[in-house]
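Mind looking over this structure? Questions follow.
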Amino acid sequence: QAPQPLKIGVMEGFSGVYGDLTQGEVEAIQMAIDDFGGKVLGRPIEVLQADHQTKPDVGAAIARKWYDVDGVKMITGIGTSSVALAVRKIAQEKGMIDINTGAASADLTGPACSPTGAHWVYDTYSLAKVTGGAVVKDGGDSWYFLTADYAFGHALERDVTAVVKAAGGKVLGGVKHPLSTQDFSSFLLQAQASKAKVIGLANAGQDTINSIKQAGEFGITKGGQRLAGLLVFSTDVAALTLPVAQGLVLTEAFYWDLNDETRAWTKRFRAKKDKIPSMLTVGVYSSTLHYLKAVQAAGTDEPKAVMAKMREIPVNDVMTKNGKLREDGRLERDMYLFQVKTPAESKNKDDIYKLIATVPGNEAFRPMSEGNCPFVKK
Amino acid sequence: MNATRIGYAVLIVLALVAPLFAYPVFLMKALCFALFACAFNLLLGYAGLMSFGHAMFFGMAGYFYGHVVKAWDLAPEAGLLAGVGGAALLGLVTGALAIRRQGIYFAMITLAFAQMVFFFCVQAPFTGGEDGLQGIPRKALLGGLIPTKDDRVLYYVVLAIFLFGYAAIYRFIHSPFGQVLKAIRDNEQRAQSLGYEADRYKLLAFVLSAALAGLAGATKAMVQQFATLTDVAASTSGEVVLMALVGGLGTIIGPVVGAFIIVTMQNYLAFTGEFVLVIQGAIFVVIVLAFRKGVVGEFAEWWKRRQAR
Amino acid sequence: MFELLGIPPQALFGQLLLGLINGAFYAMLSLGLAVIFGMLNVINFTHGAQYMMGAFAAWLLLGILDVPFWASLVIAPIIVGLFGIVLEKLLLKRIYHLDHLYGFLLTFGLALVIEGLFQWKWGSSGAPYPNPIPGGFNLGFMFLPTYRGFVVLAALVICLATWYGIERTKLGAYLRAATENPTLVRAFGINVPRLITLTYGLGVGLAALAGVLAAPIQQVSALMGVNLVLVVFAVVVIGGMGSIMGSIVTGFGLGLIEGLTKVFYPPASNTVIFVVMALVLLIKPAGLFGQTK
Amino acid sequence: MSEPVMAETLLKVAGLQAWYGESHILHGVDFEIRRGELVTLLGRNGAGKTTTLRSIMGILGKRTGSIAFEGRETTGMTSDHIARLGIAYCPEERGIFSSLNVDENLRLPPVVKPGGLSIEEIYKLFPNLLERRYSQGTKLSGGEQQMLAIGRILRTGATLLLLDEPTEGLAPVIVQRIGEIIRQLKSRGFTILLVEQNFHFAATVADRHYVMEDGRVIDTVASSDVQQSIGKLQSYLGV
Amino acid sequence: MANEDVILEATGLTKEFKGFVAVKNVNLRVKRHTIHALIGPNGAGKTTCFNLLTHFLTPTAGQIHFNGRNITGSSPAAIARMGLARSFQISAVFPHLSVRENVRVALQRKLGNSFQFWRSESVLARLDPRALELVGAVGLADFAEAPAVDLPYGRKRALEIATTLALEPEMMLLDEPMAGLGQEDIKRIASLIRTVAKDRTVLMVEHNMSVVADLSDTITVLARGEVLAEGPYATVSKHPAVVEAYVGTGHG
């Protein structure tokens, strides 16, 4: 009798506004499985995928079905925080594993933490901490925010404000704009009038792209102000192109051109899906690989045991070196501060970042004691 | 009509054994949307009022339910009542203003109110913004008599709620009130000249529809254990229109079928990756071109033709 | 100097100017939507997708054939307009005798298909279109990019030309009459189906034109038009359905109101249009410029 | 009385059948009109008079049989094509456009042939319209709308006018005026097919009456024979 | 008792549309249990008068008293409930209800259960005999179960009258009840009006002069929004101004 396959689910809003970020996640998981050897504990490994259409109830229904009916043991991906939080509750209730690589909400390792849940790549806190800290250190000590009027925007603004103040900078003001605003010129003008040295973009996706594009149009950067993208991905920068995005500073957990290993990995990836992978895509690879290692080490797919092993074994792969999965589910890993190259500096169209700083995980992420995760003793 | 009776009997038996074949959570969700679509259709099909903002009742009721059950820690029955009552109240306020206009203007006023409600939900602290109101506990019903932790048990509760709502709508339509409502839909001026204050009847229909949409929304929050912005968003208002259309306008069972189709589509198309929306769109186009009376309407037609032979 | 709620009048000027520019887009888009709604009795939910297609057409023309912006301004709307005509001939034509809900379902489905395919081919983050007239004027109180100034002028010309065509010419009279009773107009010897097809092409072309004009300002992306239809339709309704002038004036006016909201209460800047709509409809049942039948 | 010269046949309807959706309304209508004639279709409510006119105009979904205008078969044509051959229709329900003012309504139908009335002549015929020329078309009183509906097709120069109950709801003076106008139109060479309930009115203007019942033409009465056939007519029409 | 005789009285009724005065200072007194005709050339303001009396339009000036009560500000529905019912010039039926249901809706109001959304409509069944009786009275017995939309024009008018009758109003306003009817129907409906007018009052607009002559006790002639003449048919129809403005010289 053939052994039951081990099932892994990847759930994303592939068809939605953040579709580009999650391109190739299925391929990335397959790469992780191949790298692992194709089998775990003698069982084949099967990947299920689904598009939650950024609807929490669709995501929740899929998660329930996967866990209950299809025998999926681990779900990864799960961008969009409302879906992420809904899936987290279900996973926790059923004692199943969810490794979130896509959502930004730091609540996943705070009030909504789960003993069998992990948050793998980044969160609002780390983005704020790394970008905010580095920019202030570099002389950007007065800030003005363009904030998406949504929970992640508020969280970003709140966290950056704290970082800026702690570093001795000051916040001159900010404006909260509705999600999916087409025209940012009015807000940019207000930011310009504030005379702040740095304009922090606490928004995401098209909103960020359009703010950056229109900032160029209104000569904001030429006037001496700097833009700091607080939730910007390499895919956004590529879409903006360097002439528009040059000079922007931002934080990421991965860049294809960091070292030989990343370049080699990316080359393999591009053979399957000809796109520059975003950190979310690589995050899915990383989370799957680590999960498989833990299953192997635990000798079972029982979630609690696997989770214990995941915490025990250090995370080591193409994007993470000696990462540590904390009790609250946070993966502590190095984060990188990048600046977007000028067209002159860039050798080809994929050559977009220069590395400015590497921030070690224990500095980049929120200390466990401040997260209010219910089962973590202070 | 005997055929109808038999049809209903078959459907009820099917509904009773459904959890043996289909995933109960999915069924519950579909039932909630089915009730929502029926409530919407009560307004469109029988009062001739097309609401573009029905999600405000559905979604707000979810928040009411969540707040009452989670933050106030009351029984789920209280949550359901709060959902229905809150939605009815919201319906009374928005309806009193909206029913003074007709046709597309009415639709746009309801849309406007729904957008304001959505804005409120983004701003109000208790909704949790786009993260939603998460982790609403599932508590036992009837003071502990009915445990709801088991999805299958909860399914029968939801089925009962749905049947109650459906029966209520059936009764509204076939009541003295329903008769006047149909007259007003057909020719408002004439109804007025017969002595009926058309606006009051329309308002009552609006409130009833809002209350039932609220029942659907609150039930959904009970099942899903969360309430999020998606349910108050304009897209949900649009979705319910689609459900009514896909199922077939002007039939009372049509919206139920439409809701099942669309919910199924969302769930099963989810596994087609980035093409979900393309496929969904293509299906809508095909429905308009090939099955314009909706699934139920076309079926009835086919049945009639078969009988005629 | 005097200040309004803490905002210096100069800055307010700047904001109003920006509002006007956005209003120009609302005006152009609502114009097309109004013409189509008037004539076909269909709320064209593909309008946003066609706006997006206009922007994409310009971007592709530039990228593949090196067609300059100014030529795209003419070519792209024609291409998209022709596409609209094909849609009308193949699909929309079949649903006129039905309730306008079916038009909603059909055009909504089409929008999903079109946007989905564009996203599949070109991704969700899109691409930037270079500014054809970079630079700008320093007006003292603000920096006005030359291109934005051009947009306002272009929009005004387009709007007035459309208005004249529909309200002051014979063809326009046919259009308005056919809106009400196509059968009878046809029985007077006018080829109504062709009139309808052309109208749809025109409305779609207008949407595409707005898209081309938006391309240098906004990221050209598959989903740039998704949320537009409701807002633009609200503009049409506020202006009074069937009134071309209403759409134009309201488009610009709402741009201004939205601009002011962006200064005084930014989070509500997307919602304010709907508040205005509710107020207007409660006071003036048929919109600002609408006529009761 | 004998016709000195047989004028050519302008319209010949033979075996016309028509349907509204599933319901079969006309079951083989036959009649003809010669150039310059004024012919009425009489019949009770629901006899199919309006349906006949709509079939001739081509604005009915399904119709079979033959309708020949100036010798050309028109059953396969669309209504705009038929109109351009020179047939104009004044519908029972008037069909005034609310988005057009009176003047625009009047100028709407395109001129298809020379020989129609000028705008001034039409206003002279209907002074009420002149007075309200810039009002919204549907804000006119019922009777004024009827005048507008007749007035606007006089401009087109169509050879054959199909008038569906043009006197309905009109004041007696206006009915008289319309009677005069119709005679005047006839003398100008227009051919007219008139549908009427008002037999007394019809009798004063028509050359010939066709009587319809249940979707068929069941009898023809020349106006010279009206006196003799009055009893028969009354029984047909239930007068 | 003299004043008791007047059931409807309008004084100084005026309606202006954007500078155009459609009804000008009209005084109208309708005596109880009479048939009163309102005639006049097209556009004279007759329909507008009706709309003012039933408050489908709000008068620019003037007062309306019905049964001694001032109804100038009451809603159309309230006026109907007081016993002043109207029909429309452009035929008004409920197209998707059957003929029987059309009439029954009018009968239903008196039951006072029209807001009861929780009861079965079978409680309305007891209205059916009366509804069918009225349907029969206007010659529609064979069509009782047909949807009103399928009726030819003339029958729709008959149905409308039956519906109006079902209200058992003290007074009926009929706007061109004969328009579009065949001779046969005209006769039937004229006699119907005569029958029902026995114990109620009728105010009607009508262009069919033989019907007016036949039915009406009093005639008011409107022209250009003003009252031109008033009196019984014999005098009014000879009135030179009326002849010129309305009747014409041809036939009577």
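A, B, C, D and E are the chain letters, set down in written order, and residue numbers restart from 1 in every chain.
Note that contacts are C-beta pairs under 8 Å (C-beta built on N, C-alpha and C of every residue); 3 or more make two chains touch, one makes a residue touch a chain.
All figures in this text were calculated on a predicted structure; none of them were measured in a lab.
Undergrad: Spell out the chains that contact subunit A while also contacting subunit B.
TA: Chains touching both subunit A and subunit B: C.
Undergrad: Using mean Cα positions as chain centres, tell me which chain lies farthest from subunit E.
TA: Max centre-to-centre separation from subunit E belongs to A.
Undergrad: Can you check how far apart subunit D and subunit E are, centre to centre, with Cα atoms defining each centre and the answer in Å?
TA: Taking the mean C-alpha position of each chain, the two centres sit 30 Å apart.
Undergrad: Report the inter-chain centroid distance for subunit A and subunit D in whole angstrom, where each centroid is the mean of the CA atoms.
TA: Spacing between the chain centres: roughly 76 Å.
Undergrad: Would you kindly tell me how far, in whole Å, the mean C-alpha position of subunit D lies from that of subunit C?
TA: Subunit C and subunit D have C-alpha centres separated by 44 Å.
Undergrad: Taking each chain's centre as the mean of its CA atoms, how far is subunit B from subunit D in angstrom?
TA: Using C-alpha averages as centres, the distance is 51 Å.
Undergrad: For subunit D, which residues are shared contacts with two or more other chains?
TA: None at all.
Undergrad: Multi-chain contacts in subunit C: which residues touch at least two other chains?
TA: Residues 116, 119, 267-268, 270-271 of subunit C each touch two or more of the other chains.
Undergrad: For this structure, enumerate the chain pairs that meet the touch criterion.
TA: By the stated definition, chains touch in these pairs: A-B, A-C, B-C, B-E, C-D, D-E.
Undergrad: Mind listing the subunit D positions that touch subunit E in their complex?
TA: Listed in rising order, the residues are 44-46, 92, 128, 132, 135, 139-144, 146-147, 165, 168-177, 179, 197, 199-200, 237-239.
Undergrad: Help me check something: in the complex, which residues belonging to subunit C touch subunit B?
TA: Checking each residue of subunit C against subunit B gives 91, 94-95, 98-99, 101-102, 104-106, 108-117, 119-120, 230, 233-234, 237, 241, 267-268, 270-271, 274-275, 277-278, 281-282, 285-287.
Undergrad: Mind listing the subunit A positions that touch subunit C in their complex?
TA: So the residues of subunit A touching subunit C come out as 15-20, 23, 149, 175-178, 180-183, 185-187, 189-190, 193, 205-206, 209-210, 213-214, 217-219, 235-236, 238-241, 244.
Undergrad: Which positions of subunit A touch subunit B when the two form their complex?
TA: Going through subunit A, the ones touching subunit B are 14-15, 19, 26, 48-58, 60-62, 64-65, 68-69, 81-82, 85-86, 89, 105, 107, 112, 149-152, 154, 178-179.
Undergrad: Going by the contact rule set out above, which residues of subunit C touch subunit A in the complex?
TA: 11, 14-15, 18-19, 21-22, 116, 119, 123-128, 131, 136, 142-143, 145, 147-148, 217-219, 221, 223-224, 226-228, 259, 262-263, 266-271
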